[in-house]
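Several structures are given next for inspection.
In the two assemblies presented below, subunit A is common to both, partnered first by subunit B and then by subunit C.
And now, the complex of A and B:
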């Protein structure tokens, strides 16, 4: 098998606590349903979708912070089970959304970056660990002076780079980034995007980027998966999926994201958004029958409400739709 | 600042606005701009640049301890800065409407949404008119759930309810919108933007649209003001701003955007941080500016007209076509 990370039929359902005193059937949130994808070494997969589509749950299951209801996560042909050993835990590292919330505010960054090395027993002694930390800090474009400061003394962009440095220190095979740029200002986003592109070029990491920012995904990803209500509706090369999608949902999503296209800049009228969305993402508690997108879909027919479309290969992409464009 | 809408009488005329909160750091310094009737003015900037403070200062709703000073805040010929709170209330909400960022906290949490709509719209519109209007903006389903509290609606629905109340409860001439779509998903954001533009077309509303999202601003605004370190550094019609940015900060900001940079070229991030920019005596962008001159650190450049726009940069005139 060529793929480094192989995810098959991943499903995660959350059972809600029964309301007090009611004898109703327990309610189930279908957060992730039958998600499958592969990521090769040196490849970036973007997972794109709106809030509530299950993309963060995918990230948590990949990193071993949550256990799948069913389905498997395999790394280099070996299945990683839910309760992971520390050695397995090290192989898939998760970088969470807000870098400000990712560090202990009362300890220096040297402490923060030393911790994972100690936990995983990497680096023979203090001196060797310090050298590893210093090397990594320079690799993400910062200097060792930053290490003696507290998180509050650094900017959002510097912290974002240090979160990455901390994840990379334990030499993972897979990096999972959950909204790496969502909380950053426009001028700082570029720093993180360029750093990720450089890291990809100089290592053979498999990277999964979870994001709702289409322009960031276009920039970073080799391949892209679009999720809607827990399922992957389209998967394929980013150049196809994020430019000329075949499924109506990614089409709607792309049409909804304003892009400062030099041709289209300028005062719009309401009609420019007219072809856009109807309704909102329904609840994952009670997903619509058949294709979950059919109540919002302009192309929906009877079959869409009755039968869930299977994933089919169309040219270079896989699409789950009865009426792909 | 030179009047960019020379000839027409501006709806809103702000001159030399300062806002300070307790502490040494001023939030807004010497901001001047006009809004013409029916115009959408975007205000963009990074966090801490003062764009939301401008918006709040215009409503007179700054928190206790904050201080506002201005040479003029003229709205429909009245100087809002000189009005007492009691008189300001006749303007705010009636002629000057405000849409905040968080729709969840803008409605009463324990009263059904439909009843709140009747509170605000009932005086002016009949039930039939309310239904027609709300159905037209995709809010029909809200009226079909007369007992439901705000908590059981989605953020996108509530934000549209708040916008509908702000725009329809009275006859505002100007709508101040502070990051109205920041908390919303892309497909819902498109619906809210469509609603705002529909209201502008139907009611002739002018708008001040505060956002950090350059992409949104580029598609809905007529003119855009760029803020940095509490200063308005550049203001220009949207096409000019994106085609020929004059201020070095605007240029750097556009160069850092993924969508405007070809895929095979790296993005150009702006070195350094905006921290401390609000305290600088000269141009707030000077510490990060790639072409900084000694004068930039000493003196804030005066506003200079360049074509239809106005820029505050010592280098703006030399760099034309650079």
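And now, the complex of A and C:
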């Protein structure tokens, strides 16, 4: 499989404004640093990491809503830059986190789903566009009667499916899902995950799922990337990365996922959780020297503070660590 | 919860406002059936009677007909001035609010603040002073005094609507749906004027009602001072000005009845504006996914959104 989406050395830094009247060097937030990955058509890549590690920035840059400081995003061998033409814009679709906020609350869903078709000239005439919309709405398991409502009148699960329908209507090659299940309750989450699995089976979309929920990533992804402070620390098949990670950070991440144990009843206690993380996530304003994870890492040695580990290929995964396990 | 959004409940003050506005409109429309406001129907001032419910003025003209004429003129001037202010002010505000803190925002807002440096009424008087009160002729086009008063009041309201529209736009631009529409490749112009504008309208309409009250007051004040529509054409302001000299003679109805109609208009539009602005100006909470780009200041001029009870169902 050749890669459909090819991301190379993606870096995004935000410069903070200087305090008024002070001549200090501008402070820079290192949101995303040198992120590279590939996704093939029909493949699902999960990007996993805790809040603030740059996942959403990656999604926004991929979707062309933000411009990378450096690095490239290429689709089928063609580079897509920040200021995209409408025709390029539709190739990579981003589905944002909160389905309730994704639609204009004073416009009917029929308008919301028709608009992208009209803008891109997909489907000649109103009748044909209506047919396309109706077909897509049924594909995501809803009926056309939902279309004449306002977003506020539908449930979160229905809206989540309609957001997906809208993104798919413009016939993208890549779908980027930013926390697709974060704001949904358990039953709705299941329907959305099932829908995504079905989509993957039916189409040759490349899908990037950005999530902090490890179980969702496990269920959906073929491959997984783990991010820490803007960098990818481990990248490889989901079965390896999300089950037996080599880097200490994903190991810590997996260890902190609570394991359901039907035998146990009653509240948990602190002792139930093994050795947690040491300290807090460092600020992206001033990332630690060497390996960004070394201040919190149990395996850290001197070299970790001095030199940034290069990405090495171990078996089938790429790991950026001096002491991979 | 599938119920259609209910129309806002006006509350007591709102109902009083509705009644006042309706009475004002009743005088301005049905009152005009009373007859010719310029016709002399009595030898001199007469107290209200069945034939002349508002009495007659010092020249013996029917006061109800004159008050109706005044209220109608005032209504036309105020509606067209507010219309002008909305047509000019709202697009300016939406453009300024598109990029909060951007160059265009700074430029437009400084211009608007320059206009606002003068109190609005003084600014309108200044404009009318510049234009004079006589009819103006542009080729075949004659611009009467009423149109110029409407223009002056309208220009005075442009900053007002520009600011309201800008504040609403700034809030809307941070909503997820704007990013979603951009991601779908919807052109920026369509996002601003077909999507964001729909959500900017409700606060603008609320403000329009409040502005109506101020405009009725301003128009009345201007014609009271002789800067508005000139006699013999009746306006509420010049009726009250004429009546000033007659009060000593005991003709209480002459100043009181047109004055009451003026108060009905001002009070009614004010209460109505409070209701409309207070209810429909309420908006959904911003999504938790909305991110401030680091480096952008939180905006002090943006109203804090109140949580929408529907969101917590």
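Just a few scattered comments:
The rule is short, and it goes like this: the second predicted complex is superposed on the first by the 314 of 325 C-alpha atoms of A that agree within 3 Å, B and C clash if a C-alpha of one lies under 4 Å from a C-alpha of the other, contacts with A are read in each partner's own complex, and residues count from 1 in each chain.
Everything below uses one rule, namely that a residue touches a chain if its C-beta (ideal position, glycine included) is under 8 Å from a C-beta of that chain, and two chains touch if they have at least 3 such contacts.
A quick note: this is a predicted structure, and the numbers were derived from the prediction, not measured.
In the three-chain model built by superposing on subunit A, subunit B fits alongside subunit C with no clash.
In the superposition on chain A, A:76 makes contact with neither subunit B nor subunit C.
By the document's definition of touching, neither partner reaches A:299: not subunit B, not subunit C. Contacts of A:15 after superposition on the shared chain: subunit C is touched, whereas subunit B is not.
In the superposition on chain A, A:199 makes contact with neither subunit B nor subunit C.
Shared-chain residue A:166: touches subunit C; no touch with subunit B. By the touch criterion defined above, A:259 reaches subunit B but does not reach subunit C.
In the superposed model, A:3 lies in contact with neither subunit B nor subunit C. Using C-alpha centres, the superposed arrangement gives subunit A a vertex angle toward subunit B and subunit C of 80 degrees, stated as a multiple of 10. Of the two partner chains, neither subunit B nor subunit C is touched by A:40.
Taking every C-alpha atom of subunit B against every C-alpha atom of subunit C, the smallest gap after superposition is 6 Å.
Partner subunit A is touched in their complex by these residues of subunit C: 1-5, 175-177, 179-187, 190, 195, 198-199, 284, 286-291, 293-295, 297, 310-311. Those residues of subunit A that touch subunit B in the complex are listed here as 50-51, 155, 157-158, 185-191, 193-194, 197, 212, 214-216, 218-219, 252-253, 255-262, 264-270, 272-274, 276-281. Within the complex, the subunit A residues that touch subunit C are 14-17, 29, 31, 56, 60, 63-65, 84, 86-87, 89-90, 93-94, 96-98, 100-107, 115-116, 119-120, 149-150, 152-153, 163, 166-167, 170, 178-179, 183. Listing the residues of subunit B that touch subunit A in their complex gives 40, 46-47, 138, 154, 156-157, 185-191, 193-195, 197-198, 201, 212-216, 218-222, 238-239, 242-243, 252-253, 256-260, 263, 266-270, 273-275.
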